[in-house]
Amino acid sequence: MPGKYIPSDYLPILIFLMVATAVGLGVLIAGSIFRLKRPYPEKLMPYESGNLPVGEPRYRFSVRFYIIAMLFVVFDVEAVFLYPWAVVFGSIGFYAFVEMMVFIVILVVGYVYAWKKEAFNWD
Amino acid sequence: MSIFETIIQPDTFDVLIKIGIILLKIVIVVAAAMLHVMYATYFERKSIGHMQVRLGPMEVGPHGVLQPIADGVKLFFKEDIIPADADKPVFYIAPVISLVAALSSLSVIPFFKGFVIANINIGLLFILAMSSLGAYGIIISGWASNSKYSFLGGLRSSAQVISYEIAMGLSLVGVMMMAGSLNISDIVNAQAAYPLRVYAIPQMLGFFVFMVAGIAETNRAPFDLPEAESELVAGYFVEYSGIRFAMFYLSEYIGMIVISLIAVVCFLGGWSGPFDIPYVPFAWLLLKVYFFIFFYYWIRATLPRYRYDQLMSLGWKLLIPLALLNIVITGIAKLML
Amino acid sequence: MAEVNEVKELVVNMGPQHPATHGVLRLVLQLDGETVVKCTPHVGYLHRGIEKLGENMTYLSALPLTDRLDYIASMSNNVGYVVAVEKLFGIEAPERAKFIRTMVAEMSRISSHIIWLGTHALDIGAMTPFLYAFREREWILDLFEMLCGARLTVSYPRIGGVRNDVTQEFLDSLYRFAEEFPKRIEEYETLIDKNRIWLKRTKGIGIISKEEAINWGLTGATLRGSGVPYDVRKYAPYDAYDKVEFDIPIGENGDVYDRYRVRMAEMRQANRILKQCIEKLPEGPIMAPDAPKFTLPPKDRVLKDMESLIHHFVLITKGPMAAPEGEIYVATEVPKGELGFYFVSDGTGRPYRMRVRAPSFVHASVLPRLCEGGLVADVIANIGTIDIVLGECDR
């Protein structure tokens, strides 16, 4: 049928995801029938080494984590670009190699820049 | 034409049979994985125990062989404590996400020739995607628990997992270049032409980077900072108890098995071996996976833990350049030959 | 909007219920990301009032209290206590007793350092040395059991000597231990010494300079790691330390790694002292024979001799009869550092004031200096390296 592509190869994955979710939820629900439930305020306190928690745990975290997240996006996109290239590399040959070297060199420049800017340092 | 007729078409029966077969396969794989995970914990406690001049579990059953079952039953019936200030829906769902993400990677791995649940042409990419998804479970559990220790653990873990994700992804590019495919069965078949039927020798560098990144991805020692016992007590799942704790535990071990499986299929020739073992087509695969799992335990018993900044520098300053170098070397070698 | 722009730091309670705080130390950490901005140690969770209890007990009966100070090395505390009390009374233990006390104190030094090594390594993430270390500690505890029947809270030394004589069997087993132990130290060093992660985690961490270490009042291996060769055993020898040969190992940089090296070397030196004590052990009595007003008479004499019975009765009920008035401070070198006992005596059988200078307390105070500016993981390494026991710190 035109316009109706059914990725039948992916059907097993869909079923697998459903089964896995069912296993996870099933265990949780089945357990809830059997297990005991005797909560009291001290038991429900978050763990803080035996002390009353001080302040809000969901604090504003270090900007370093954002840097790591940005670097991740850059390099992961690069990796994703590399995958299709790697697959067809054998059939295209030298031209593909040069193309990709240019790409990698540009990336390495950015990488060196990030290194010099101490984006990889944590202390 | 009635609705009834649109649903029941001549080939509906075939489709149902197909789905039935798929379901059967899935049940077999999931059951086998669960069994392996249970006994992976036993194997870990025993092997590390013997490395540390002690015996490991000895009480439940002969030599403690029933210990994992006893643990499972105990955790199943344990009280499920949800902290009062927790973000409840997120707290509920986090272990399920972890478990599903870990399990679903199994759907594209060929266990022996012709046996794979979903033989898709981007298998490797799917696995990488799913292993990133596992980080969600960790991050949101750290966030939802409303505890500082779990929050720190979740942050550490997210930064660690995404950092090593890159190195892991790049280390596999060499394999893709050599095999010219992302389909895992094709990758295994392509290895037959190489010495010992493995990629580990031409892809030494990639293999090394993959193994280090893989250990970091699964939060195992010496990169177990998110759950560093002596610092963050248990890290992101410090507030989890009972069956939810068990699910995190399960997903960590499934993650370990999945990383071992990828290492085996991408670098060590998958199900093929130096000679064929009759009647058990998956024997070689299992042996290799057991070896890797033992390797995990061995490292755990040997090495101290990295510090956070050292872990990040290792990932960014050593593994990523090495993985890029590996790609360049593989490219040059492939052009030369 | 000022609220939004304010730098908010995360305040984390580390301890008292935390696997890495060696008992019940509580650190309140202010974190900026992973960096420790401020570290405040809180002590006192294990306070049992040992100093006050000591004032209400006779000198003889306060001895078991010292077991509970540094419960990892109770023998050293006992020795420190009896040495101090003997000096106050002006009596001297016989040679044989002195050698035996030196011997058991060094055994307890080894057992304490071994437990330090195991837990320190475990905190840094190396799991295996911990279990190996306990194997040797168990051996020493077995030897203690053989010697006096108790393993942990020994109370073996007595004012004026020791409780009972050593047997030849004990000496033989101890000698076997001393022969075997250097090999075991090598085993630990094989496990962690050259490990790159271990070096990365310990070198250059928690540096404290010579001058600063002295100013903070550090003692023991924590001070010697900074390169100060101060050891009470050399500077003010007590018991038989002036009759045995040993070196004082010192570090150079004063970091976690140097303190680790110093403690490893100290275990070797302790082993050396052990061997010398066994070889040089003189014959003779084990209790000061000419001090009936201070020391308990032997049990067989109590049953036969009127005089001894009276002495025994008075000593037990009222304490030493002729304790001189005055005050005294006597320090000994225990595994954790310099343990000092300060007594004010008013001439009765009980001390007017008993004060314990606990090295762990002094060392705990240096934690903010070591931790601030470092990472969370370094806090763990620093707690390990100063080797504190909260029983002693809180008293």
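Every chain is named by a letter (A, B and C) in the order it is written, and numbering of its residues begins at 1.
Just so we're on the same page, a contact is a pair of C-beta atoms (placed from the backbone, for glycine too) under 8 Å apart; a residue touches a chain by one contact, two chains touch by 3 or more.
Just so you know, these numbers come straight off a predicted model, no measurement behind them.
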Find the chain most remote from subunit A, comparing centres computed as mean CA coordinates. C
Hey, which chain is the most central one here, using CA centres? B
Highest-count interface - the chain pair sharing the most C-beta contacts: A-B
Distance from subunit C to subunit B - Cα centre to Cα centre, in angstrom: 47
In angstrom, rounded to a whole number, how far apart do the mean CA points of subunit A and subunit B lie? 14
For subunit A, what residues touch not just one other chain but two or more? 48-49, 53, 57, 59, 61, 64-65, 122-123
Give the residues of subunit B that touch two or more other chains, as numbers and ranges in rising order. 148-149, 233, 308-309
Can you list the subunit C residues in contact with two or more other chains? 10, 12, 18, 34, 375
As the complex stands, subunit B meets subunit C at residues 48, 51-54, 148-149, 152, 156, 221-222, 224-225, 228-233, 300-310
List the residues on subunit C that touch subunit A in their complex, please. 8-18, 21, 26, 28, 32-35, 375
Interfacial residue positions of subunit A with respect to subunit B in the complex: 9-13, 15-17, 19-21, 23-25, 27-28, 31-32, 34-39, 41, 43-49, 53, 57-59, 61, 64-65, 68-69, 71-72, 75-76, 79-80, 82-83, 86-91, 93-94, 97, 100-101, 104, 107-108, 111, 115, 120-123
If we count contacts the way the header does, which residues on subunit B are in touch with subunit A in the complex? 19, 22-23, 25-27, 30, 76-86, 92, 95-96, 99-100, 103-104, 106-108, 117-121, 124-126, 143, 145-151, 155, 158-159, 162-163, 165-166, 169-170, 173-174, 176-177, 180-182, 233, 238-239, 242-244, 247, 308-309, 312-313, 316-317, 320-321, 324, 327-328, 331-332, 334-335
Quick one: in the complex, what on subunit A touches subunit C? 48-51, 53-55, 57, 59-62, 64-65, 122-123
